[in-house]
Amino acid sequence: MTEFRLDWQRAGRTGTSEAVLCDAKSAAQIDAIITHATELGQRLLLTRLGARKFSRLSVPAREALDYDAPTRTAILGGLPEPRGTGRVVIVCGGTSDLPVAREAARTLAFEGEVATLLADVGVAGLWRLIERLDDIRSHRVVIAVAGMEGALFSVLAGLVPCAVIAVPTSVGYGVAEGGRTALHAALASCASGLAVVNIDNGFGAAHAALRILGAAPSAAT
Amino acid sequence: MTEFRLDWQRAGRTGTSEAVLCDAKSAAQIDAIITHATELGQRLLLTRLGARKFSRLSVPAREALDYDAPTRTAILGGLPEPRGTGRVVIVCGGTSDLPVAREAARTLAFEGEVATLLADVGVAGLWRLIERLDDIRSHRVVIAVAGMEGALFSVLAGLVPCAVIAVPTSVGYGVAEGGRTALHAALASCASGLAVVNIDNGFGAAHAALRILGAAPSAAT
Amino acid sequence: MTEFRLDWQRAGRTGTSEAVLCDAKSAAQIDAIITHATELGQRLLLTRLGARKFSRLSVPAREALDYDAPTRTAILGGLPEPRGTGRVVIVCGGTSDLPVAREAARTLAFEGEVATLLADVGVAGLWRLIERLDDIRSHRVVIAVAGMEGALFSVLAGLVPCAVIAVPTSVGYGVAEGGRTALHAALASCASGLAVVNIDNGFGAAHAALRILGAAPSAAT
Amino acid sequence: MTEFRLDWQRAGRTGTSEAVLCDAKSAAQIDAIITHATELGQRLLLTRLGARKFSRLSVPAREALDYDAPTRTAILGGLPEPRGTGRVVIVCGGTSDLPVAREAARTLAFEGEVATLLADVGVAGLWRLIERLDDIRSHRVVIAVAGMEGALFSVLAGLVPCAVIAVPTSVGYGVAEGGRTALHAALASCASGLAVVNIDNGFGAAHAALRILGAAPSAAT
Amino acid sequence: MTEFRLDWQRAGRTGTSEAVLCDAKSAAQIDAIITHATELGQRLLLTRLGARKFSRLSVPAREALDYDAPTRTAILGGLPEPRGTGRVVIVCGGTSDLPVAREAARTLAFEGEVATLLADVGVAGLWRLIERLDDIRSHRVVIAVAGMEGALFSVLAGLVPCAVIAVPTSVGYGVAEGGRTALHAALASCASGLAVVNIDNGFGAAHAALRILGAAPSAAT
Amino acid sequence: MTEFRLDWQRAGRTGTSEAVLCDAKSAAQIDAIITHATELGQRLLLTRLGARKFSRLSVPAREALDYDAPTRTAILGGLPEPRGTGRVVIVCGGTSDLPVAREAARTLAFEGEVATLLADVGVAGLWRLIERLDDIRSHRVVIAVAGMEGALFSVLAGLVPCAVIAVPTSVGYGVAEGGRTALHAALASCASGLAVVNIDNGFGAAHAALRILGAAPSAAT
Amino acid sequence: MTEFRLDWQRAGRTGTSEAVLCDAKSAAQIDAIITHATELGQRLLLTRLGARKFSRLSVPAREALDYDAPTRTAILGGLPEPRGTGRVVIVCGGTSDLPVAREAARTLAFEGEVATLLADVGVAGLWRLIERLDDIRSHRVVIAVAGMEGALFSVLAGLVPCAVIAVPTSVGYGVAEGGRTALHAALASCASGLAVVNIDNGFGAAHAALRILGAAPSAAT
Amino acid sequence: MTEFRLDWQRAGRTGTSEAVLCDAKSAAQIDAIITHATELGQRLLLTRLGARKFSRLSVPAREALDYDAPTRTAILGGLPEPRGTGRVVIVCGGTSDLPVAREAARTLAFEGEVATLLADVGVAGLWRLIERLDDIRSHRVVIAVAGMEGALFSVLAGLVPCAVIAVPTSVGYGVAEGGRTALHAALASCASGLAVVNIDNGFGAAHAALRILGAAPSAAT
């Protein structure tokens, strides 16, 4: 018995590719998956691959991967030609939220979508967000990334007509530790129509954005 | 000082209209809001208006409203001409989830979007879902409504490329009481790209769907 | 043994008067307290006194009280001459939060402080708050009252230099039910210097405001 | 006083042997237990024995044990002759769940039961499970191992008549961290008749399977 | 669109019949389901049907049902001939746990299995359990029903070799309110091999027992 | 099968009598228990018997009981001769905590122990507690009853050498709702040697006190 | 300003000595406290002093202390003459619970009380407890130490008349992780009169035992 | 795109300066922020900067900072002339709470406010607090810092008329671990008018104190 069966048909079925969530896998398991994908000539995105575990992969695996430590993502087989640009904007509440925001950007890039990234536009200094509103509104999908109390989600969703995907992060301490406060703030927002993903799940937000773009027939052209 | 200030500009700003969440408002407050909207000739959607509270509204208010007890929604000013049909499908895990599913349908109808509703396609009898897959895939947005363990969300998202919005419901008992189990299942789904809203929030799912449809330029024509 | 011992020295010690929290007391206990205070000629504030329990009080007790059903407060012995005006503003996120906001206002009035009340300036329609900023800034203390995701607290605290007291309310459903989400949002706010009180605790917010006003020597003159 | 008293009569009483849960025991305590069992000529299963703690055991203890690092199990005294084969199948949602699945397999083997193991048949790619259904149905007991949202439990229980034991794992992050989401999904499943054990408890699932097999008189022959 | 689609094939697939969970369904929905089943000549089990909701069903529905208020179960179409007797024993910690224990017994009877019921054998008076041990051990499957701290589960599982299914109940107050304490005690038991179902889920325990009995080939003859 | 088996030997075994926890029992079950005890000539204490349920008992049962509505306790067979006086003092934080305090007093009286009760000595007005310190110190066991933040437990335990049993109550709202805050305060007290019982468990505190008094040989004479 | 003020009067006030909880103190702070106590000639008990932190203390401090790594306790100034023996028995559910049990024993010894310790008498093998019952009953106070599901507390309290202090431990995983399950089991026990302390708080249990022994006048002689 | 946008206007808007929360930022990000602030000649406060992360900053950054390891704070640009003295007192429950208390003191000093610090005046030895009451009362604002059960907050607020800001700390174990117990005790205090900040948030308490001092017109002169 092999330990994994990759779902190469996924892109055909759901429009987004199989990816490998690494944090509960051993280095040996990840090595085997990379070897397998390489043999098949398949591109692959790996997420939540910490620097320590990356360093324990085999040399060929490490060399085959385009690894980015802050986002803990690795890409096997390189990026495709961009299919879309200027359709998704990633708005990031604080500097600390950037790794999650960039995980979303890398995931989008893996599928050929080039996103705009706006960093450090948190609510404590509202002018930073207001300055960027016209830029934000020019995109079809907004991925909002914020931790702590997550007030950014409501403020943003109350001001733009775009599809808004909220990514709560685990940035914070005390009652905010772990990200539940930001998550609940996104879900309970008084500004309606927010779509929410799991804590720190930049990857999932990117896939939700791709489903949304795919939902627009014109987008596929 | 009046007790409320309605945000009539919201549709211009975000693409979806102001609505009135009734469960923590008194009958007197709701009466005043209805009178005010009527004077301005504004249409209005009211949500989470329980039958007992509805019965305590003034006679003119009750007569002005199109009230639906199971969904606890009321519409002032009637429905608009449909702007879109066949773009949103609401998939409902169990008979008990129908009030939430229909709250979504009513909210969409209030904005001119006519949704398809598929009831009782839960995962315990998987054939019920499989039979409908082609029908579901023909829509741009899927609103999936389920309580208990919320397995429907993952199964569905693994099979269709549409934008999928998960609405966990408070249907269930024991560990499922209150809807946290279904909510967490949606957020932690192994099928990527799910967008999640608050527990029992059919209204919010509808608004998220409208933002998504609006994100597709062709959709607005 | 009597069942209660009122702490009439409290105002001397802490600057705010003894009050009676009614929700876990029987009607008989409350009757006895009112009789006792009346005999001593003491004024008294009663909080969380529901309409049903009020109706079960003795006739003399009911007649002696100035009762306000929405806020569930009752005042024995009338209001004092105002000592201060225009120093405290109560900013209220939604119409549903008004009972808590008014509990704060009534508590302040009981101590001679006349507060300004601004209703329905929630974050979903940010312009409602922005319009009032100059008015808000002219006060020394802001009591902000909001439920659901409590984004109002951060937005407000990021824009004004006043002392800001956040009162999270139990308004909301799903993950917001009970008020924990708004409470945690206030505590985890990215805008620093917020002071927070218990959920639905308009009474406590008023006392905190009085302590703050008392902390300013000029305020006592 | 000795620090432990092993319950050698357990197999006679309950049909499954005493085992040693190691994660809260010191290396010195484990060494003493192994010495004691060796002196008595007793076989022994040790669970949750991390690699670091294993390395701190005495040399004779380490040499006496058949240790398996990924499952953190160690066996003293070797495996018995198989008593049964093809009666239990372990179905594993993802590659990350394999250590728990294999803890179950090792525990069964310690009692003479040889289990079938099917890896990586998660719900995100449903075809992987459907392909194996006939194979699964040919067993008496199914041990289903899954983390994240645990949708596998419901899908499986809705499709097979076997006894199904769900082992939720702590694989996942955000709301799934620690395994509560998968646990609650198993308990609240819309597919009835699931039997659930503690998070990551492959050992307990194996013992439950043995009790079930023992419940069938024919099985004991 | 009809509001429900019953899964009549379930017994063929999983060995246990479709049942109707009533607590989140309206009386109108339940009436329609009963009419539909009656027309098809199908037997049906209804669970969690409270007395108040039962009284709101149509007269023909009420007359067609064998309703038992304490267990909140109703049976349409009568009981089948018994297929098995003396194979399942239901052991009940306290008098307060009896409704859940009897829900299990009624569910078993609906499928033709006649269970033994032992009431009030809680751990506070251990002799009551010890007296019954031989009787309990003579069954293949034990369903243990207990609330509060759920110590019964561990004591019982440590003493008998049968398959043991723990049903935690919501009996208790303070930290035991809602049944989480008993549930966690069952899951964390130091006596291995316990299989656990959701809080108050006598129905699910019965189905698990039926799956277990079905797992024994001799049992099917 | 009868539905209950009372543990009449308990007093011999543990020193405190069997009691009947009524809140999850039906009126019919309680009636049967009273009839049974009456036939045997046994005294019996019933706890958590709400006024509504008491009113649904049979007339003979109601007449046989000494019922006290605020504490929800009923005594069958009257009180015994006092065995001890002045050994236990019950200190009560607020008027709202009195029903729990009196449940403890009634339970003690049922076993022949006459307790002192000091009401409304909460920490907000510390002088009320300080005044009573000498009186409190003259007892062997202190039962401290408090809700909200439970600061009374620490203050008291830091000032007296007696055995101190903390009974947290569910008095409070917001974060204090349900009594967890007071419970955790008692358990985490910086004043060492506090013994804690379940929320609202005046009955259990009384039994703990009786065990403690029994632990002193002189007390048994 | 010095960083600490030791409460040397505590023994006079409460009967048990001041102790130093070390886990949140820096090595420098602990060093200073030891120096201070040494200068005053005071004995001192230090708890939760991990081996790593102990190794960072100054050489004189380390030499002055009688340190015991498994219990993380240190004693400055040696043990006193025993004042009592055979009055307290510590009953320990599993080998893993021994460090907490021995923290209690060391704390008692520091105050001159010599306790009996019975290890590994868990409920999974009930005979181990039953064998020791007469021995246990001969003591005035039982300190019961158990993790996981904490069934030991109920079984024990149902069988002995002694004062019983339950110390839940953090031994366990999954739902038992952190000790909440054992804590809640102790608080919700169906066997009445249990007194409970915080998770892993062997120190507090010893102090509670000392208060209880002090409550018996004969005990002080 | 740069990764941060500092909000230099904040002091003008809210009266307190921008600060940098470091615990979720990388050393590279912090280096860049320090370089940027140095170039602009701006003073800056950094919080939650652990010793390990500080050691990974660039040499110029480390040399430019006044770093204090126990409080994990660093100050760039030195302290200003004191603007106020003797207006704020920081009262600290235990030695373990000192790092949080000193974070508050350092934050105040950064803004020119010199605070009084009173250490180790916990409730277990109440005399330590009582001795200091007159000193405490002479200040306008009290910052109370306590962990475990947080009884200090109530005792203090019941005795002084000052503005009281409660800072719960994460000091404690078992149910107190993480600081929720102290936080809830502060929020649910029976002594009214407490203002609460997040767990371990000495920084936020200082900013709240500055807002309060600013609220007094005389304070601004």
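In order of appearance the chains are A, B, C, D, E, F, G and H, and numbering begins at 1 in each one.
Operating definition for what follows: a contact is a pair of C-beta atoms (placed from the backbone, for glycine too) under 8 Å apart; a residue touches a chain by one contact, two chains touch by 3 or more.
All of these numbers come straight from a predicted model, not from anything done at the bench.
When chain centres are set by their Cα atoms, the one at the greatest distance from subunit H is E. Centroids of subunit D and subunit F (each the mean of its C-alpha atoms) stand 44 Å apart.
Between the CA-based centres of subunit A and subunit H the separation comes to 35 Å, rounded to the whole angstrom.
Centre-to-centre separation between subunit F and subunit G, using Cα means, comes to 26 Å. Note on chain placement: the centre of subunit C and the centre of subunit E lie 49 Å apart, centres being C-alpha means. For subunit H, the set of residues touching two or more other chains reads 10, 94, 124-125, 157-159, 172, 174-176, 180, 183, 187-188, 191-192, 198-199, 201. Here the chains touching each other pair up as A-B, A-C, A-D, A-H, B-C, B-D, B-E, C-F, C-H, D-E, D-G, E-F, E-G, F-G, F-H, G-H.
On the side of subunit E, the complex with subunit B involves touching residues 1-5, 7, 9-10, 18, 21, 23-26, 29, 33, 48, 170, 178-180, 183, 198-201. If you check the complex, the residues on subunit E that touch subunit F are 70, 94-96, 98, 117-121, 124-125, 127-128, 147, 171-177.
Within the complex formed with subunit C, the residues of subunit H that make contact are 10, 13-16, 19, 140-141, 157-165, 183, 187-188, 191-199, 201, 203-204, 207-208, 210-219. Residues 93-94, 122-126, 148-151, 153-155, 157-159, 172, 174-176, 180-192 of subunit G touch subunit E in their complex.
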